[in-house]
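Okay, so chain A shows up in both of these, paired with chain B first and chain C after.
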Partner chain A sequence: MEFNNRRYGEVVVVAPAGRIDHASAEDFRLRLAPALEHCSEGRDRVVLDFSAVEYISSVGLRVLMLAAKQVKAQKGAIVIAAMQPVVKEIFDISRFNYVFAAFPGLREAVADLSTQALALYDAG
Partner chain B sequence: MKRIRLWGTRGSIPVALTAAQVRAKIEAVLRGARGVDLGSEAAVKRHLDGLDFHQTGTYGGHSSCVEIETGGDQYVLCDLGSGVRPFGQAMMSRHGPGKPQTYNVFMSHLHWDHIMGLPFFTPAYIPGNRLVIHGCHERLREAFVRQQAEPSFPVDFSIVAKQIEFVTLEPGRPYQVAGLIVTPKKQLHAGDSYGYRFEAGGRAVVYSTDSEHKLDDPQETRAFVEFFRAADVVIFDAMYSLADAISVKADWGHSSNVVGVELCQLAGVKHLVMYHHEPAFDDAAIERVLADTRRFEEITRSAAPLKVSAAYDGMEIAL
Partner chain C sequence: MTATPVAEWAAELSIRADFAETRRASRWLRVTGEARGVPEECITRLDHCMEEALANVIAHGGPGARAADIAIGLEVRCDAGLSAAVLNISDAGIAFDPTRAPAPARPGSLAEARPGGLGIQVMRSYADRIGYTRVAERNRLAIMVTW
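Showing the complex of A and B:
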């Protein structure tokens, strides 16, 4: 699974791509781990940019649940952005809308986490 | 196997509609009927048939009990929740007290909601009837004896003991009972639970309730896919949402609609029946979960469509 991470100040944007299912969930978990490690109070905040994710199964959603729990324990912040319509439907039917703040676009997600990061994002 | 009849479909504890809930249904139906010509009996029926199930019906309140009609002269049941009481009434009116019958029961586990119906199962009190209770738990008999012991029930188990036999099964082994091949499978639940796969005449039905799926072990997933493989019907514990099942309600021993669909899709199942409904859900809530689950099946489908239903007391499924 290709990950394309970018940084805007204290906000790290993690962008997985493709399908997150039985075959790729463990890879997704391992590649997400470094960003989560630094996602804690006074340090990084994480946006999961899901614009290139085509599908997520229960096993993939379980990885998101573990991430939410870890970040909560570390008093960090993690949000999700730009889900494709099918992925958003799977997310809502699984009731993950109660677990994660979800934003239609990447810019809104960055804005929610930090005004300083937003300025850097807008500056390109 | 000819038919499945669901006598009790509610999880954990029986529930009943309140007067206020019944009245709210009637009010909604009357409001929707304004201006509709209901002049004939047929028009009334047609109008009701066009409404959502939750408006005119109810998913019901009895705890776990499912009948598999074999086409032979013996009866086959899964679990003895409160749903076995109306089943017993139906048997009394069909056979009366004079014609002895054999009832084969397969117990998922011994939690109260799955055993509570036996003291109210009238045929168990009638000499000549046989109740053969199969299960994989060592303390099978003890659980039934204890719930009828003083001070919890006025009629001691010894009163029905003559009519009842207990048979311990081993998971993973196929057994021949009442013309069916029955294979138990161990499931994840407090104190263990067991699913049953019933096969006969090229048909397969799986009863899999009170079963949690952790999603962290691909081998476990594969084992359930094999257990469900190409079944005509899978009756599946879909008590919680996926998010609840793997977070706040993790280790509570239940599963979700989403995992039910995924396992059935992987196994090429024809019909998923969501079962063991959360007692806190009203009829409208269960119907919303059903609509969501059907949509989920549609957007994740890669092979033949999977039919999805929400079980209700009195539901019949022809095989």
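Showing the complex of A and C:
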């Protein structure tokens, strides 16, 4: 699966594209792992930019759940942004809106995590 | 209109019990559904259900499931102003009736969230009806959406 990751200060934006289904979930997990490893208190914070994710199945939700638990154990911060309606719907059905902090846009997500990162984001 | 699996239905697609095959099934469903006039939103709902049903077979169906193809068919019905699409899936895996599986606990927080059971929840949420029978050592699942 395609990723378009970038960094704004201590905020790392992980941006997968396409379908997160049973065929791609393991790749998604492996590609997400390095960002999670550095996501802890005083280190990186992670935004999952889902603007290019067109579909997610239960196995993708499972990867996200385990990622959130890992980050919480590390006292880090991870949020999700810009979900397409079909993805947001499955989030709501599975009550993942109680598991993950979600923001309608990437800018709001970056702003929630760091004012310094927001300044870098706004500077382009 | 019921989603009880009928005794005979035409298998239109056969796939190996392999995650690499599920996208082929998804593409087939989209093309076939569009050709038969199934609304886009209903195709998406069936796609969610099929992905979870196939994943159950591949991950939990055992050696029997992996040794035989999974058969899939799509049937469109119109009855008294109500239209329905029924996705039929047949597999040779361990007997499993998703209509009788216990409902998973729905998390109210990250601490309460548990992996597992999400697929069944997704299927129940997107399908209008789900039917199941076990015939000739095969599971037969019928997933209905209406419009």
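Following the convention adopted for this analysis, the second predicted complex is superposed on the first by the 124 of 124 C-alpha atoms of A that agree within 3 Å, B and C clash if a C-alpha of one lies under 4 Å from a C-alpha of the other, contacts with A are read in each partner's own complex, and residues count from 1 in each chain.
Just so we're on the same page, a residue touches a chain if its C-beta (ideal position, glycine included) is under 8 Å from a C-beta of that chain, and two chains touch if they have at least 3 such contacts.
The shown structure was predicted, so the numbers you read here are calculated from the model rather than taken from an experiment.
Model built by superposing both complexes on chain A: chain B and chain C clash. Judged by the touch definition given at the top, the superposed model places A:Lys72 against chain C, while chain B stays out of reach. When the shared chain is aligned, chain B and chain C each come close enough to touch A:Ser58. After overlaying the two complexes on the shared chain, residue contacts for A:Arg19 are found with chain C alone; chain B is out of touch. In the superposition on chain A, A:Ile90 makes contact with both chain B and chain C. When the shared chain is aligned, chain B and chain C each come close enough to touch A:Val99. In the superposition on chain A, A:Arg43 makes contact with neither chain B nor chain C. Partner contacting the larger number of chain A residues, of chain B and chain C: C. Common to the chain B-facing and chain C-facing surfaces of chain A are residues 22, 55, 57-59, 61-62, 65, 69, 86, 90, 93-96, 98-99.
By the touch criterion given at the top, residues 215-216, 218, 221, 241-244, 246-247, 256-259, 262, 292-293, 295-296, 299-300 of chain B touch chain A in their complex.
The touching residues of chain A, counted against chain B in their complex, run 22, 55, 57-59, 61-62, 65, 69, 86, 89-90, 93-96, 98-99. Residue ranges on chain A touching chain C, taken from their complex, read 19, 21-23, 55, 57-59, 61-62, 65-66, 68-69, 72, 86, 90, 93-96, 98-100. Contact residues of chain C toward chain A in the complex are 19-20, 22-23, 26, 44, 47-48, 51-52, 54-55, 58-59, 106-110, 112-113, 115-116, 118-119, 121-122, 125-126.
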